[in-house]
Each structure stands twice: as C-alpha cells, then as structure tokens.
Amino acid sequence: MDYVVEMIDIRKEFPGVIANDNVTLQVKKGEIHALLGENGAGKSTLMNVLFGLYQPEKGEIRVNGKTVKITDPNVANDLGIGMVHQHFMLVEPFTVTQNIILGSEPTKFGKINFKEAEREVQELSDRYGLEVDATAKIRDISVGMQQRVEILKTLYRGAEVLIFDEPTAVLTPQEITELMGIMHSLIAEGKSIILITHKLKEIMKISDRCTVIRKGVGIDTLDVKDTSVTDLASLMVGRNISFNTVKRPANPKETILSIRNLKVKDKRKVDMVKGMELEVRAGEIVGIAGVDGNGQSELLEAITGLLKTESGSVRLKNRDITNLSPRKVTESGIGHIPQDRHKYGLVLDYSIGENMVLQTYYQKPFSKYKTLNYKEIFLKAEQLINEYDVRTPGVHTKARALSGGNQQKAIIGREVDRSPDLLIAAQPTRGLDVGAIEFIHNKLIEERDKGKAILLVSFELDEILDVSDRIAVMFDGKNVAEVIPEETDENELGLLMAGSSTEKAGDK
Amino acid sequence: MNANRLFNILVPVISVLIGLLAGAFMMLGFGYNPITGYTALWNGAFGDLYYFGETIRQVTPYIFTGLAVAFAFRSGLLNIGAEGQVIVGWLAAVWVGTTVEAPMVIHLPLAIIAAAVAGAFWGFIPGILKASRGVHEVIVTIMLNYTALYSANAIVRNVLSDNEDKTPDVAATASLASEWFQNLTYFSRMHYGIFIALFAAVIMWFIIERTSMGYELKSVGYNEYASKYAGMNVKWNIILSMIISGAFAGLAGAMEGLGTFGYMSVQSGFNNLGFDGIAVALLGANTAFGVVLAAFLFGALKVGALNMPTEAGVPTELVDVIIALIIFCVASSYIIRWILLRFKKEGK
Amino acid sequence: MSLFDLLQSIIPQALFFSAPLIFTALGGVFSERSGVINIGLEGLMVMGAFVGIVFNLTFADVFGSWTPWVSIIAAAVISAIFSLIHAVAAVSFRADQVVSGVAINFLALGLGVFLTKQWYGKGQTDIVSQQFFTSDIPLLADIPIIGAIFFQGIYLTSYVAVALAFAAWLVLYKTPFGLRLRSVGEHPMAADTNGINVPRMRYIAVILSGALGGLGGSVFALTIVLNFSHATIVGQGFMSLAAVIFGKWHPLGAMGAALFFGFAQSLSVISGGVPFLEDVPQVFLLIAPYVLTILALAGFIGRAEAPKANGEPYIKGTR
Amino acid sequence: ACGGGNDSKEESSGSDNGSNNGGSESSEGSSDFSAGMVTDVGGVDDKSFNQSAWEGLQAWGEEHGMEQGQGFDYAQSNSDSDYAPNLNRMVREDYNIVFGIGYKLADAIKDVAGQYPDTKFAIVDSVVEGDNIASITFADHEGSFLAGVAAANKTNTDKVGFIGGTDSDLINKFESGFVAGVKTVNPDIEVEVQYAGAFDAPDEGKLIASNMYKNDIDVIYHSSGATGNGVFAQAKDIKNNDPERKIWVIGVDRDQHKEGQIGDQNVTLTSMVKRVGNSVQQVSNMAMEGEFPGGEVLEFGVEDEGVGLADTNEEDYTKEIAEAVDKWKQKIIDGEVDVPQTHDELDSYLDAL
C-alpha cells in the first residue's frame, strides 16, 4: 500500500547477459531495504534502472503509487530518487559545493551564485550532521567525506528515496558506524533507503527488510528480524555456506619477512610509514589491521619495490631486498595480490591467458631467446583456470569481460602458483560475494599449511579476525600492537586502530 | 571471437567502400563522370608497369610510416611525429650518402642505419619526456615536426650545400635506386627499398606478436600500473617504443633520400608521409600485415590521383577528401560494427 | 634600438600575429575541457580561411567595408557546421579523437582546395578587396607610451580576441554552462548521474571550437594572406593547439601562450636591430616557439594537467 | 576531356587548323605536334611563372588552333615527388616537347630526358645539360637591377628594402641585381635585406614589411612568392590608415598591380616581370619548326624583353622613372654595366662604384 518505490517484473538485458529477469522490488516509506546477491547478480543494474541510467526491456516502476517512466537521472531526481554510487561520481578538481550543485546551480544574472550555494550546502550538511567542508576540493578530502558529499548531493536535490550501492566497501569501521548513524537520521527525517551490500552482518544490524537476487532473478523478500545470516547467505548463493573458516592452529617456523625501522614517503613526499617493525614467519598468516591511510599501502608498495624507502630494511629469508626493483623482489620469492585489481593486478585488455603469465612471461618455458611460446602460455592458463575455478569462456577471453570475483581468482591463481615464500594479499576479497570470499580464504589457509608465509592486509575486521594467526595493528605508519585473534575482539581492535590506549592494549 | 576477426576485416573494407562511394557522389555532384574519374585513378596507379612502379615507390615509405605509427599505437602512444622523424631520417641518410666514401656493402647500410638512428633519436625525445616527466607525446611530436622541418632546411642549405635548395646527389654506393626495376617499369623510380619495407613489416610483426619485448610494450600500452607491478620497466618501454617507432619513420626518410630522390631538398612544408602514416596504420588496424595492405591502397590512391586531372579533369584533391573520409570511417569503426551487428541480428 | 622602440615594434605585431591563434586556441580550450581532443584545429582554421575568403570575394559588393566582419561570421558559422563531423565521430561514433582530428585536417584542406578549383578554375583565389585594416583606438591611442605600444595601429580583431578570452574565462568558470562543460571533461559519468547530457555538452563544445577555429582562420586570412590556397594555413592550427596546452587548458593561459608565440615570432623578425639577437642564426629563432613549448612542457611551467576524461569517449554504463 | 596526345591526334586532325601557318611542316604534321608542361608545386595559377608559362602555352595552342588536352596540356605537381611521374606521364602520352617549369624540376628533367632521348625537353629557370634539353633562363639580376633603379628614383627617405623568400643562390641573384641598381643610382641609399625563410609565409612577410616600413623604408622589392602577399597586405594597411603616406611595393615575376590596389590608390610601384610565357611559346614554336635548341642555354634578358618592369601604375611609375629605367636598360644591353649575380660579384661591383 504505502510503498514509495515499486519495481515490478523488471527485465534488463545486456548483449549476451540477462542482468535482471523479472525482478520485483518494493520499498516501504521510512524503511531501510537491503538488496542482496552475489557478484553479478544484477543489483547495480536494477538500481541503475531505477535511477534512469538504463532503460528496462520490460517491467513497471511506480513511485508513490504512480506509474512512471524514468528516462534519465533528471527524471529520477525530480521523482525524489537519489543514488550514492558504488564508484563515487565526484569531479576531483571541483570543490564539494561545485560537485553538489552541478546540474542544478543557483544563479544570479546568469552567473553561479557560489556564496548562496555554499551556504545552502553547509546548512544541509549541518542539519544531517554530515560534517562536510563545503569549500574543500574533492581530491583533498577523505573517502568517508567523499561519500558524505555523495549523500549531500542526493539530499540537495530533495531525494526522498536514497540508493546506496555498496557504501561500506570503501569505509573504515569507524566510518561505517558513522554512516549507519547518518542512515538512521535520514530515516528519522522520513526518507527511505535502498542499501546494497555484501556484508550480511550490516544487513542484520541496520535494515528492516531484505530482497535477495540470484543470477538476475528475484528470489525472495523477507523481514530481516525473522531471518539469520546463514539463511540469507544460502538464499543468495543457493547452497549452504560455512562462515567459520575452519583452520588448524598455525605452526610457524623460520622467519621469512623481517622489516626493521622502515620509513617510506608516498608519491607526494609525505611521510607515511614511520618506523615500521614487522616479522612474518613461515607457516603463519599475519594480518595487518588498520584504518585506511595509516601507511598500509605504502608499506606494501615499499616491500614489493613499487615505492622507494627512505631508511630501514626489508629482508626476505635473511636477504636484504630493500629497494630492489619490483621484478627482483618478485624473483626473490614474493607473491602479491594487489589491492586494486583493475589498476595493478590485470592488464584488462590482455586475454586471461596472457594475464596468467604477467609475472613469468619472460621465463622458460614461456619465453626462449626472448621469443614467446604461446602454446606453453595457454597451457599454463588452462591449468590455472581449472585449478582456481576461474569462470571464463576461455583463455582467449579478455580479462575485462570477467566478473570481479573471477578476476580476483585469476590473480590469486597466478600469484600462488609461483609458490612464493611470502604471499602478500591486500584486500583480497574487497567487493566480492560470500562464495568467492570463502574460496579465497581457504586458499590462503591452504598455502599457510604448505609452509608459506602470508601477509594479509584488510580493512575488514571480520576477515582479519577469521583468517590471521597473528594481528599487527598499524597506526600512523607504525606497528602499534600485535595481538592474537583468539584473545581479542572487534572492539579492542577498533580502539587500537584508532590509536588510543596503546599501552593498555600492549599490557594485555 | 571468430565474428570479431570478421569485423576486423570488414570494417576497413567497408570504410574504403564508403570513402570511394562518397568520392563518386562528389564527382557526380560536380558534374564529372565517376566512372571516368575512377578509371583515370586506376590507370594512374596500375595503368601500366610505369605507373605500377611509381605506386610501389609511393607505397614504400608509406609502409614505414604506417609501421611507425602502428608500433607506437600498440604500446599506447600516438606518434604524430612521424612527419618530423621522416625528415631527420631523410637528412641523415643523405648526409651519410653524400659525405662518406665507402664501398656499397658498407655505405648503403650505413646510410640506412643513419636514417634509422636519426628517426629513433627524434622519437626518443618525446619518449623520454613522456617517461620521465609525463609530457603528452602528441604535443611534443607536433612541436618536433616543425623543429625538424626548419632545422633540416637550414642544414640542407648551409651545411650540405652551399646555400642551395638541395644537397648534391648521394653517391652511387649509397643509392637504393635500381636500374633493373627502372628498366622493367619504363623508368619509374621504384627502388630496392620495397624489400626493406616488407622486411620491416615482418620485423614489426615478430616483435609485437612473438617476443617478450612485444608483450611488455603492449602491456605498458594497456596498463602501465599493472606493468610496473609485474616488474616491467615502464619508462624504458615507453622510450623504447618511441625509439623503434621513430626508427621506422626515419627509414621512410631513407627511402626518399636514397631511393626516390637521391638527395634532399629544402622543404617548403610537410610532405605528409607521416600524417598519411596515421591513416595507413589505422586502416591496417595497427597490425604489420594490415599496414602493408593499407600502404598499397593509399600509395595507389595518391599516385593514381595525379592522373585524374589530365585524364578526367577531376582535381587531385578529391583523393584527399576520399582518404579523409576513409580515416573517419575506420576511426568510427564502432558505429560500423554496431550496424553490422544489427544486420546480423535481423538476418537471423 | 631603445626599449620603447622595441616594444612599439614588437607588441602590435605580436598582437596581430597572435589574434588568430587566440581565437583558435579558445576553441581548443572549449573542446578539450569537455573531453574532446581537437587535433583538427588546423583543419578548422583552413575551413575558416576558405569560407572567409570565398565569402569576402563573393559579397564584397554587397557589404562594402563591413565585408570582412560579415565574412568572419560566415566563416565561424560554416566551420561550426563543419566541426560537426568531428563531433559526430568523436562523441556519437566513439572514434579515436586524435585520429578523427587528423582526418578533419585532411578533409578541410582537400575540400577547400577542391572547391576552389571547382569554383575559380584554379588552385588559389584572387586577393580580396575588402581586408581588415589596422586603426588607432580613439582616446586610448593618445595615452603616452602605453597608447603608442598598445593602441596605435592595431587590428580591432586583436581586441576582439582578447575580449573573447576573458569572456571564455567567465563562461567556463562562472556560469552553470561552464561548470557542466568542465565536469563533462573531468568525469562524464558523474555529470551524467547529475542529469547533464554529456553528448550534448560535448557537441556544443566541439561546435564552439569549430566556430572559434573558423574565426581564427578567417581572421588570419583576412589580415595577412588575403587569398586562399593550400598554403594559406600552414601550422597555425597546431600552434594554437600548443597554446592550449602551454596555457594549461585555461582560456587566459591559452591567450598568454598565443601572445608569447606572437612575441617570439615578431622578435625573430626584428632581431636584426636587437644587439643580442643579431648574430643568432635565423633558424634558431624560427624553431624557438616550438622548442620553448617543449621545454615549457618538460618542466618550467610545472605540471600541466589535462582534463581527466580528455580523449575518452563516454559510453553510458561502463566503469 | 579524356586522353592525352594520343586521342588528340585523331580528333584535332579534323579540326580547323588553317590559321596554323607558322610551321615549316605541313598542317597535318603541325597538328601532330604537341607540347606539355609540368608545374612545380605552385600550380598553374600561382600568379607567378607557372601561370605565366601556362598562359604562354595556351597562347601557343591558340596560335595553332588547339584545345587543352588536344595538343597542349599541363600536369600539376602537388609535391616534389610528383615531378618525375608527371614528366613521365607527359612523355608517355606522346607530347613532343615537355616543359619543366621551375628550377625544382631540374633533376627530374635530367633523369627523364636521359631515359627518353627522343622527346624534347625544356627547363625553365635552371640549366640542365643534355642534347634533348633546352635550358630557359632569365636574367633576373638584370630585371632586378632595373627594379633597383626604379626604387632609388622613387624613394623619399633614401631607405629601401628587399624581402627574399629563401636565402638561396637564385634569390641572391635578385637581391644582388636590386642592390646594385639602387646603389648605382645613389650610393647613399640604404638597402635593408631580409629573408623570410620561405616562399609561403605571408605572416612572416607581413611582419618584415611592417618592420621595414616602420623604419622609414618606403619602397620594398619582394622576391618571395606567396610570402609577398603579406608584404602587400601590410602596405595596403598602412595606406588605408594614412593615404598620404608614400610607400610602395615592387612585385616580382609577373605584374602584381592587382595585388596592390587599395581603394583608388595602388601600392604596387612596378613589378619585375619575367615573360616566361613568351619563352615557352617561342621555344615551342622553335621545336615545332625543327629548330629546337637542344643542349643550349637560352638566356632571356632585358634585351629580348625576357625580363623587364611593368608600367601599369602610371601615376607612381612616373615618366622620369621610366626614362631612368630605360637609360640603364640600354646600358645593360650595350654592355656598359655588367650586373652582378652573386654576393661576391655584388661586393666587387660596389667597390668599383
């Protein structure tokens, strides 16, 4: 009856793919409605249809009971639908205000009235407690604040229904908590929210109802209070999922990686790593917990040779590898699953087969006398694709055409197969669905059990707590505490990551 | 995937047809008989062995500039500077050809290598600026074109000649000219360079498709971050790509300096070999084999065009318009693919 | 030569030489700010020169002394229409923009000379009878020193160019249109989700570049060359492109760069009277603008950041 | 019209060529004779000697009742690499004599003439050796000398200028003759010489001219092809602002009177005219009559009106000037002055003054 938004029997096709197949979604006024599904299930597509970016082949959309045709985002805006996209839609060199007013600028004599706009933005920000600086440039503000700008954008346009597409994937635990607070205050103002996320716990915590999509088909809509995480997961994947990563206790041996007093500046010459100490031993997984921006990326880039260090040393199996070139580092026995798989992990325009030898193409048997042997290359690729369950039409398919999860599996296959002494995994499951996450976690543990050293960096505490044997907390460029997962919890970790009471935690 | 192959062939073919069709309509519109016009074009390009020889003569540098542009393209760089690289290559070849004395086995290769090195150097500048300072290669190469033009003119006039408009002829020991070809083709200027050009195409194919170097170059072109992550030297690959590209273009200059002309003269403007090379590369889908085919087409169009005013009264510029339209079509291949897909769908 | 004499001979010349470059470079700024690379500026200038001259020759009797002004407007209009080809290819057909620009250059020259031969029966037109003339700006010309340097013997078109640069700055940085145009060049998808019609903005920008390139070409033809042939525009478009980049994609920057080129050019001509430059071989002065641009790009003017989406076709729904 | 000489044979044999009386051969034979020319990159409408040559060839065709494509024709070169194929085309279409217009074609003529010893060739503005080649040259320096005389007689400021295209031997010939002419009349007159570096840089031409006029130079002789357009543009602009200002341009190659028209005034004082057309017409007839001057160098100088000054601008090119010019012209013809052709010759000429 009092649905604000109804999408009925929506069908959307892409060449070769039916992204949405008669999906129905009904959102009540004042609720937080979660949308759940595996990677590629069709969630973003459905929301893009609602926001007017795509036109459905079939189906009906009603807003406040009235049938509408949303031909472009302007129409959606006019209907009070706003969207916070998975990948932020912000113009980096512009200010916060410019981004917010873009497309509906207040003018005076034909000129933009920036004063007026800034005042309005600040007012709106204060009203919802978003704490946004209206005059700052986007490129200078944190990811969390960027997301609040996105929210402001929708509010500025008078959105009554807000769509959040995986808003928490890029946020720190603290920011996630803040975001949930913001969502609650939005609901309190009478807005409705559609939330896409893979994090089932979040859904349980915040949403009222939940719609599950599987492979483009709408499966069910349920009241969240009547269900459980396990139920949701099996609905989503279509089979039972075990959440407690099963693993035997670690059996650490000799030291593989040892980092001493490492100092690194980032590309803008800002000190990011300020005296890092760390050891990783064979047969253990060391997790680095920490809020984004505390030097994790720079630490990894320094280890792998992508960034030059200022001082200190990195030793691998007692060999000094400080400031070696990336290739030398790789050859000395490090595998690296990079944080940004599209930017670093893959050459998207190469076939998946060619991507499989990105680290080894110049070695035998793939290359002899500097001439490539494609037979060997594709043979290897086939083997890895089978072994790591990479779902692709074939080795000649471009990496670009694979879904995120499968791209990630390909990278992991490539890196693990080289059997490095140290495997660095940075955010290996970011944005992936539970099925893929399970697979990857198991792989990491399997490698550990084979006696490899594993360094895991993640912003997701669940992951850190589930997978690691030992946790190093990184704050302000330093290793501020080391804890054992069994002896700690999210709360304590959260505090450590925020840099508070290092001593107290150290005592423990 | 097979369909993709088919498109890759269909798109250039359709583009050429559209270009020629548009040219025909233009002739009709201005009161010429398109059949007469194109017959004149055909005769001017293939009418007899002389014209055929001249066409090959024109094709030779086109293959080189096409390869130059295509090679850079494969590693994500747009070499608008083939024009200037041709000029410095030409200059270097003639310089060696006119000032060095040596037996042919040394002299000719030396002159050719000089051209390649000069072109490579002219490509190295935008390469290193891009690699070390992130300066966009398009703008640097454009600036270098003019720099090459004016500098070469000054050198021809003041260094290689005594204030004249052209250098002396290159020594016979450095000449690519072939009496045998000339006799065969009623004294066309076809020369041995065509073999070097075809060989260069094979080299390019081999480097790009079969070597780890080619793998790196392409990888850097697609994604320099991933390449760096994979341990490739991104900067060096950018430089290398421009060096090889420049060397190809420099060799086009050698073809002119040692083959077609046998000297270098003061150029009042660009000879467009480099800019035409962009069209050749594009039509050839940036592959070595495609470049050779496209070079034949453009060579024939250019040489055949000269016959149009005399035989059909049609201004030669018509061919420039046709070539421009072909470039548009190939560049807009997306829309051709789209239409083809539509046809295919409806055909089902 | 005293400094005053030097300035008085250089500045007005630099201004007249720069004006066509300023017009065209402003066009380049609009186009590239919207995310469409425009290597075709040269061709747009050729088209402008062609139309400007042909119009002038044809309608000199009708418009009398107003002919040059009407001619450049006609040139702007026709070039704007001509630039649609680039817009269609680059925006709608997702063509490689650099390549499409190169094709524009070929097409303009081919078409221009073809039509000239068609209409005049020869490869170049006659000299126009109604060209632009310099004049002294009333009042301002009488200001001591400054007047002589800046306001005597100046083409009005030079001032139009300078004024347009400021207008372009206003439009790009102070109006909704400008904000939208720049957003389209930086992050078209963001613009799209904000309800901005990306293709339309890009079309408008390219058409503007056509109009301004047409102005540049016709002003060049009607102040300097006075007829049209294959050699009327030889590199001025590429110099304008250099000015766009040298000027960091900013209208005032582009103007500054164009003025700098004009300055270098006129310096190279009057070098004879300047003690230091006297002994420099002419070729060095000839290549100076190009080499300086390279050097400037290489570091002396700091990092010039192109609009982020420059050169990328916008395809709805891809990431 | 399609086809070259081959087709024209049959067709024109039926046409009326009774007016064709210049030939020593039969009228049937004379209609068999055909002449073609290959332009340099300037094209037949370059307002310079390509055009002049073409006009000459057309006049020759008219004289013998022919039409373009049937008895005479031209081939246009768009780039330096087109010369050889164009010459070949002409030969292969059985033209009996083929002209190469401009020194740029010298090499191509040399090659092609060697390959086709049975065809007659003529090169304009250069000297090429060969039994089947006639070299047509012009005494540019003599004409320029007269231009210098005119300029010296006209200048009120005692400063004149010379703008050259490229600093080459050919243009130095113009410069030397001009400077010699000026200094001969009045050694105190300053001559400023500047080269634009190109024949197609009107912007450079305009800048240079602007600078020269600013420095009180009042007569500029340009020998710079299309670069000269800029010189005329500048002169006309000055004239427009200040109709009283006395400044002039001296044109080159052909009468550039039209280029100088501004309102009811004209800034073209005179032009150093090269009558390329005459020479082409003349040599064609010689060839047709079997008197082809193969292997010879024909220099067309002031004596045979090959070069001279245009007197279209009656108002400015006064009787006094004309008389002075005529006086020196006679001295050249009589061999009293030996006009310098190079910088070296100029230096010794000036020393001897």
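Every chain is named by a letter (A, B, C and D) in the order it is written, and numbering of its residues begins at 1.
Operating definition for what follows: a residue touches a chain if its C-beta (ideal position, glycine included) is under 8 Å from a C-beta of that chain, and two chains touch if they have at least 3 such contacts.
Remember, it's a predicted structure, so these values are computed and weren't measured experimentally.
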- Which chains contact both chain B and chain C? A, D
- Have a look at A-B versus B-D and report the one with more C-beta pairs in contact. B-D
- How many angstrom lie between the CA centroids of chain B and chain D, rounded to a whole number? 36
- chain A and chain B, separation of their C-alpha mean positions in angstrom: 46
- Query: How far is the middle of chain A from the middle of chain C, if each middle is the mean of its Cα atoms, in Å?
  - Reply: 46
- Whole-Å separation of chain centres (CA-atom averages), chain A against chain D: 77
- Message: Could you pull out the residues of chain B that touch at least 2 other chains?
- Response: 150, 153, 268-269
- Message: By the touch rule stated above, which residues of chain C touch at least two different other chains?
- Response: 231, 234, 282-283, 286
- Item | Where chain D touches two or more other chains at once, by residue number | 76, 197, 200
- Identify every two-chain combination in which the chains touch. A-B, A-C, B-C, B-D, C-D
- Message: Going by the contact rule set out above, which residues of chain B touch chain A in the complex?
- Response: 1, 210-215, 218-219, 222-223, 225-233
- Item | chain A-touching residues of chain C, taken from the complex the two chains share | 170, 174-176, 179-180, 182-183, 186-187, 189-197, 308, 316-317, 319
- Query: Mind pulling up the chain A residues that touch chain B in the complex?
  - Reply: 304, 306, 325-331, 336, 338, 340, 343-350, 354, 358-359, 361-362, 367, 370-372, 396
- Task: In the complex, go through chain B and note every residue touching chain D.
- Result: 36, 40, 50-51, 54, 58, 150, 153, 157, 163-166, 169, 182, 186-189, 256, 260-261, 263, 265-269, 271-272, 303, 306-307, 309-313, 316
- Within their complex, state which residues of chain D touch chain C. 43-47, 76, 192, 194-195, 197, 200-204, 206-208, 210-211, 214-215, 226, 229-230, 232-233, 236-237, 240-241, 258-259, 261
